[in-house]
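What follows is one structure encoded as structure tokens, with my remarks underneath.
Per-chain residue numbering starts at 1, and chain names A, B, C and D are given in the order in which the chains are listed.
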Amino acid sequence: MTMTPEQAAEIAALRSQSQTTRRATVPALEEILYEPLNVLDHGFVRVIDYMGDDSAVVQAARVSYGRGTKKVSEDRGLINYLMRHRHTTPFEMCEIKYHVKLPIFVARQWIRHRTANVNEYSARYSILDNEFYIPAPDQLAAQSSSNRQGRGDVLTGSEAARVLDLLKRDAAQSYASYEEMLNEKPDGSKRDEDREGLARELARMNLTVNFYTQWYWKTDLLNLLHFLSLRADSHAQYEIRVYAEAMLDTVQRWVPACYDAFREYRIGGAALSATAIKAVRRMLAGEQVDQAGSGLSAREWRELMDVLKPQG
Amino acid sequence: MTMTPEQAAEIAALRSQSQTTRRATVPALEEILYEPLNVLDHGFVRVIDYMGDDSAVVQAARVSYGRGTKKVSEDRGLINYLMRHRHTTPFEMCEIKYHVKLPIFVARQWIRHRTANVNEYSARYSILDNEFYIPAPDQLAAQSSSNRQGRGDVLTGSEAARVLDLLKRDAAQSYASYEEMLNEKPDGSKRDEDREGLARELARMNLTVNFYTQWYWKTDLLNLLHFLSLRADSHAQYEIRVYAEAMLDTVQRWVPACYDAFREYRIGGAALSATAIKAVRRMLAGEQVDQAGSGLSAREWRELMDVLKPQG
Amino acid sequence: MTMTPEQAAEIAALRSQSQTTRRATVPALEEILYEPLNVLDHGFVRVIDYMGDDSAVVQAARVSYGRGTKKVSEDRGLINYLMRHRHTTPFEMCEIKYHVKLPIFVARQWIRHRTANVNEYSARYSILDNEFYIPAPDQLAAQSSSNRQGRGDVLTGSEAARVLDLLKRDAAQSYASYEEMLNEKPDGSKRDEDREGLARELARMNLTVNFYTQWYWKTDLLNLLHFLSLRADSHAQYEIRVYAEAMLDTVQRWVPACYDAFREYRIGGAALSATAIKAVRRMLAGEQVDQAGSGLSAREWRELMDVLKPQG
Amino acid sequence: MTMTPEQAAEIAALRSQSQTTRRATVPALEEILYEPLNVLDHGFVRVIDYMGDDSAVVQAARVSYGRGTKKVSEDRGLINYLMRHRHTTPFEMCEIKYHVKLPIFVARQWIRHRTANVNEYSARYSILDNEFYIPAPDQLAAQSSSNRQGRGDVLTGSEAARVLDLLKRDAAQSYASYEEMLNEKPDGSKRDEDREGLARELARMNLTVNFYTQWYWKTDLLNLLHFLSLRADSHAQYEIRVYAEAMLDTVQRWVPACYDAFREYRIGGAALSATAIKAVRRMLAGEQVDQAGSGLSAREWRELMDVLKPQG
């Protein structure tokens, strides 16, 4: 992550302040409030603000006058019940706001989740920094031969070196042209007095999608968990998955009971189709069932076996 | 408003607590946090939680690392600019949660605003209290003769008395039947041991829509202001307008700069049509313009005159 | 269902018209277009319009220039894949619009699904008809003793008779008072010239929530399937489930491949928790597993057994 | 616009088909159905499907059993009334679906409108074409000196030539490296047998944001008009405005009465602030009002003068 001393000082200033509030407060999350959690080579996720805690879910489910909580075990039981039966609205009663710095191509995937509030840094209005994402060597993966949208083995040797060279060279050239076209110094004055300088909203079109952008992103707990269930999944692209994983840690700090229920019923759970259920019933009745006899496609059978196989 | 001593004690307990937080905090709103603000004969609005303040709008608009605020006058200027030019996303960065007690027919209007999170008290699961709305005498209005969905003069004398009698009689009978069909005492035991008792989810169908329900309702500042611009408007039905007015006061405490911008550019402003603008231009050029010559319908002309007429 | 001759004639007129279009068209759905499908004692669902078909899902998934379809088996395979892996956006590319007549208490559950477009008949503007829902004798259920929001046995004998009497008496009285307070004849003139008549927006508060309302309701296929998965479920209240079931039939006519995938992967499928998966793995390995040893609660164990038990 | 003969043939095939339907149908829109409307150097907008017409708005507002229309003048009057008083829900009853080809930086602005359904061509799954946007000479604008996010004069001479050179050179190099890293021929075989080829989801990060992407985009009329009011506005960036303008023409064909109301009350209208209204009242009363005395900022005063000044 790259941050100027001024930015670090702004964050430190925020972290040094404290106020008194009657609101539900979560010390474990306050600990890391405003702090950048590093992701990829220049990115980060920072929790900027939050509303509610585990009790707020319980309180809303009970439409209570006070905090609404009873014994911890009863509250956990209620949260588990809500998660299991997809009674979703109480999870919408908690809200969190992040500041995220991320490559443009990651931002393009992320923004597809529509039930969130977003304010992005504007390259019509301001000049983007010279920061772009270059994969670490162990993430320089070949195209998967079995999955059209997946990764295969890691590239090595001269191919890996060549790819890194191309990525770095093109991003650097891209930015150099951007600067030249803008014709603007950091203080806003012209670099070359004889030229006008291209409009910012046009010059930006020359940047590659591995350049970093940043935004404020705010959502409720239900939609956050939905986002994380898709983006922390093994099928998600690595470059967005690492953001999701950093955010999962913030969820664990924030609402530990909801987090546990989420692991039990979503992340760690599995959905079986009608045909898969029939196959499992037959297996439990002692029948030998194979793919052909199961009625499942080869791919579905493999997915079912992944669910049912004993774990090392 | 009707509240049991237990409910009052739960609220008092919440209000007596205080925590330390690094989050943006608004003392003027903390003052009334959790407190019921009375509305109609048995209803209320309570602020349960909030996220952000005026600075959070500024911070998001600037995608800043720290609080993002500069001088108060610059921040106000930015907020005014955002409001005027309908740059809406920064206003989504503040969030507020209310607990509301309201008649069912008001809830039915309210719920049409979809961009909010809601948890309502469930009459499938629990038994509704014997509380229904009866208009105060000065709100017992006749049908407007000019506006199909508006109110005319206040009813008086025997007609008013008869209406109040009918409303009270029918609501009371409605609830008496509800209780009889449920056959359930407050402690859950049967009233009449020889009967089963009708399912709660069925028995509730006998209640009139002036019975009170309650919910947790959470939304962001942008959508709250949109809700208030429609429901605090003079064309809104009185019974929902009084809720909107109570909530406007909470907005003023919470985000005073946004509130002022909202009054200046929304509540106190006006939208002119293309034809109305042409008429105003001609008037300013010294021309005498009347409705017939303006190209506006009689109704639009009246609306324009309301905007342009000198205020006493 | 109650419909005036004028309304029936309007529907017949619409059904008798036909136009030529280049759009994707579904003859099986056209057959029932505009026709009311009866639900409950006075309600209905009518398909008013639709956009897209099974191919539209395929077309969007492939971002194709033409219809996008290949062989029927490939298209079905793609739809199954999308449904199984929750690639949801292609299902948003089909849209349907219904006209629904339903009791207010059903409308109150229904409206909680926010991702739809709604226009409801306005009782501020117009007068509601004298139509209310009375359960059929086999739906007059007692409160369930095991499930706080469920139904138990059907009431019989004098208790059933008494409940029906109360429901009918109170609704009738409710409406009689409504009419008296309105003081308005069908032609808009006054019933009693000496009285004003209460404003419509106030008089309606005297109606019980089993009175019928109606609305236009439009949504995309994804959100419709989500609605149906919750409301056609056995845990849904009977009075909304019958609407969902009528709508399921329209989905089968409209997008048969999506419908089949929905039955296979949603309605007929099941979600297992992390702990349930572990239990199933042990069972398949030949171990005897009981509830205590499974780590599941009694209720979760019962739900798992319901999934795994051999079907008669 | 660039289109392969296969794509052109697919479109021609769709256009040559016709079906019979009972649905509301709009001949003027059918005329251009599926046809690409060229935008920028390689982009287009195509109407793929639609639901409803002007009557559908009227029908929903009246919750009618038939088409709901009365005399044309009454229907237009109702549509004007709904638009003027922001009774928005009836406009949600019409739906339209577009296929759009657009530069990535335009797609990034566009996607901020969340109330739409989107399926984008996936560069994780497929390979992007070698097509990028280069501004026409008359759009090669300098940065505005007065507006931080606007354009000034058009660049000329050697500066213009240099900018075009840089844009073309960098995009071309960007794509050449993309192809080299992918190491994939159009038929999917390897270009260089000795190399693996970088995963598509990684290689794409090297493309500049002026490369073209494409998507299916579907929305309702209300949200479409909101999108167009912002993106067809003179403050919108030229490269998205030309898409909005092409779409405005499709709206005029589709729902001419709504389109006229939109021009009268939105596009051609203006919003006045509370302070601006006061100033206009004083002017109309014959007072000389200048900026200082008006209470408006210099910028707001200028905006007001733009509204009020006589039009050439």
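List of remarks:
Following the convention adopted for this analysis, contacts are C-beta pairs under 8 Å (C-beta built on N, C-alpha and C of every residue); 3 or more make two chains touch, one makes a residue touch a chain.
As the structure is a computational prediction, the values presented were derived from the model and not from experiment.
Counting C-beta pairs in contact across B-D and across B-C gives the higher total for B-C. In whole angstrom, the spacing between the mean C-alpha positions of chain B and chain D is 34.
Here the spacing of chain B and chain C, counted between their Cα centres, is 29 Å. The multi-chain contact residues of chain B, meaning those touching 2 or more other chains, are 89, 112, 118.
With chains as nodes and touching pairs as edges, the resulting graph is complete, every pair of chains being joined.
For chain D in complex with chain A, the touching residues are 103-105, 107-108, 111-112, 114-115, 118, 122, 124-125, 133, 135, 139-144, 148-153, 155, 159, 162-163, 166-167, 169-171, 173-174, 177, 180-182, 184, 195-202, 204-210, 237. For chain A in complex with chain B, the residues that touch the partner chain are 3, 7, 10-11, 13-15, 17-25, 30, 33-34, 48-52, 56, 59-61, 63-67, 89-90, 92-93, 95, 97, 99, 117-121, 214-216, 218, 220. By the touch rule above, chain A contacts chain C in their complex via residues 77, 84-86, 89, 112, 230, 235, 263-265, 267-277, 280-281, 283-285, 297, 300, 307-311.
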